């Protein structure tokens, strides 16, 4: 992995504050598991009310987790007073979303002034062992001078 | 639009029963708005606990809605005693997910014995007026002889 | 289809000149079949040296045709003194690329100052009859004040 | 990288023979640079007749190279008497396709009886140094009992 230098010395709080404002993360019970410049890991526990018709976690949960991890991996490298939006994402679902929890690991592949391309893998974790569930490729957009909070 | 002939005379109940088993749909408050062979429309009302950091509906909600509509558009054309899985999806987010509700309209582009390609558009709706929010292209997989319910 | 108003009154020449500079188009024998603001149709005849292992036109030819049509559909709406780049594309191959020629029809879904999202369908054409071969969703990027030609 | 066990003891010849039948590869001057079970590396030299409007290699060439490498990475793990088709692909273009040659490195992420998901990166190479140009995520389909050659 490439090491990235954040443009905002306060990048960690920038990410945490934005994440805390996403009410959907609270609804799903998603938490930040790890955070570095250009890298974000999010986790969500299996819950009976987040499932698809076969009792696995819904593909929408898997995708939401990967998308949000990718967004914050990108946001960690963006300048102060900016905000981040998902431009597009593509995900391949490789295995059923089984396990006690899902973990999404997102890493920036190419940071840019406007567009940042991020790769994210999602794993099902049981008793500390991880099995890949999905892989995503996404483009995140930086909106400059649009601070997320007044 | 092409008119499709369902293989399962009981296709409507097949879709409705599967949808009813998706607990995540209940959690989000998603409902079936329209259903035809090869076509599915789902709707979800705006709710404060489904938002991203700017107060719009989360991209994960938009994607979940489009993915699920696409899955059931495909499933409506699949034979009895089969089940449906998302193989992959790609979504472009075109406008903020604003409006009183989101509506996803999914239509099968190419049905197949194993793979079905579906297109879905998501609209934000306010006072009956629709504005496009996102567009998706997805591949759904048919698992034969794996009835969803015992 | 929405009707688009071009920002550059000379949009048609802007597209044609750029297309003429793409040597790969000459190599493949691609020609502009139709051009409107936000819409571009390209065609290529079947040739024995453009095939994959089963004798159909190579998926790379199909993708190149769709990508280029999408790029020029977007470019037709961009201001003077700009240039266009593909940011990303996703294509689903629906049927073998059979027929006497391939025709890609690209239409802008959402124009933007920086990013333009375009949809393109590719058809195989034989004796004037078209059958769908592939469908694409792509993001094109506008580079302002980078005129393509000195 | 995971090590994969090929199902066809004659996997290498299976790949080479199929590749040799792709006339488009000859037209572009693509060659196999490396081949292992589940992994394929293809290379193409820069040529003036394969360019886009700014003189870089055309995105269609980059995409063709990645798609074909991905297809053969998947095909190397498929049983004898089968053939391979691209189901869908998504590519993000990260940097201009500069350099003396392009090299695509494709690796299977998830092999399957019907679908195989492959990741491919494309690099521009100059004087032995590689810079990333694009990254792809693709789904390859196995058609059983459809030997490619009579």
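Per-chain residue numbering starts at 1, and chain names A, B, C and D are given in the order in which the chains are listed.
Assume a contact is a pair of C-beta atoms (placed from the backbone, for glycine too) under 8 Å apart; a residue touches a chain by one contact, two chains touch by 3 or more.
As the structure is a computational prediction, the values presented were derived from the model and not from experiment.
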Set of chains whose contacts include both subunit D and subunit A: B, C
Most widely separated chain from subunit A, with each centre as the mean of CA atoms: C
Comparison of C-D and B-C (more C-beta pairs in contact): C-D
Whole-Å separation of chain centres (CA-atom averages), subunit B against subunit D: 33
Euclidean distance of C-alpha centroids - subunit B vs subunit C, Å: 29
Rounded Å distance between subunit C and subunit D, as computed from the means of their C-alpha atoms: 23
Where subunit A touches two or more other chains, by residue: 87-88, 90, 92, 117, 139
Subunit C-touching residues of subunit A, taken from the complex the two chains share: 87-88, 90, 114-115, 117, 139, 141
Parts of subunit D lying in touch with subunit A, wherever the complex brings them together: 90, 92, 94-95, 109-110, 117, 119, 132, 135, 137, 139
Partner subunit A, residues of subunit B touching it in the complex: 18-19, 21-24, 26-27, 48-54, 58-61, 63-65, 67-68, 83, 85-93, 148
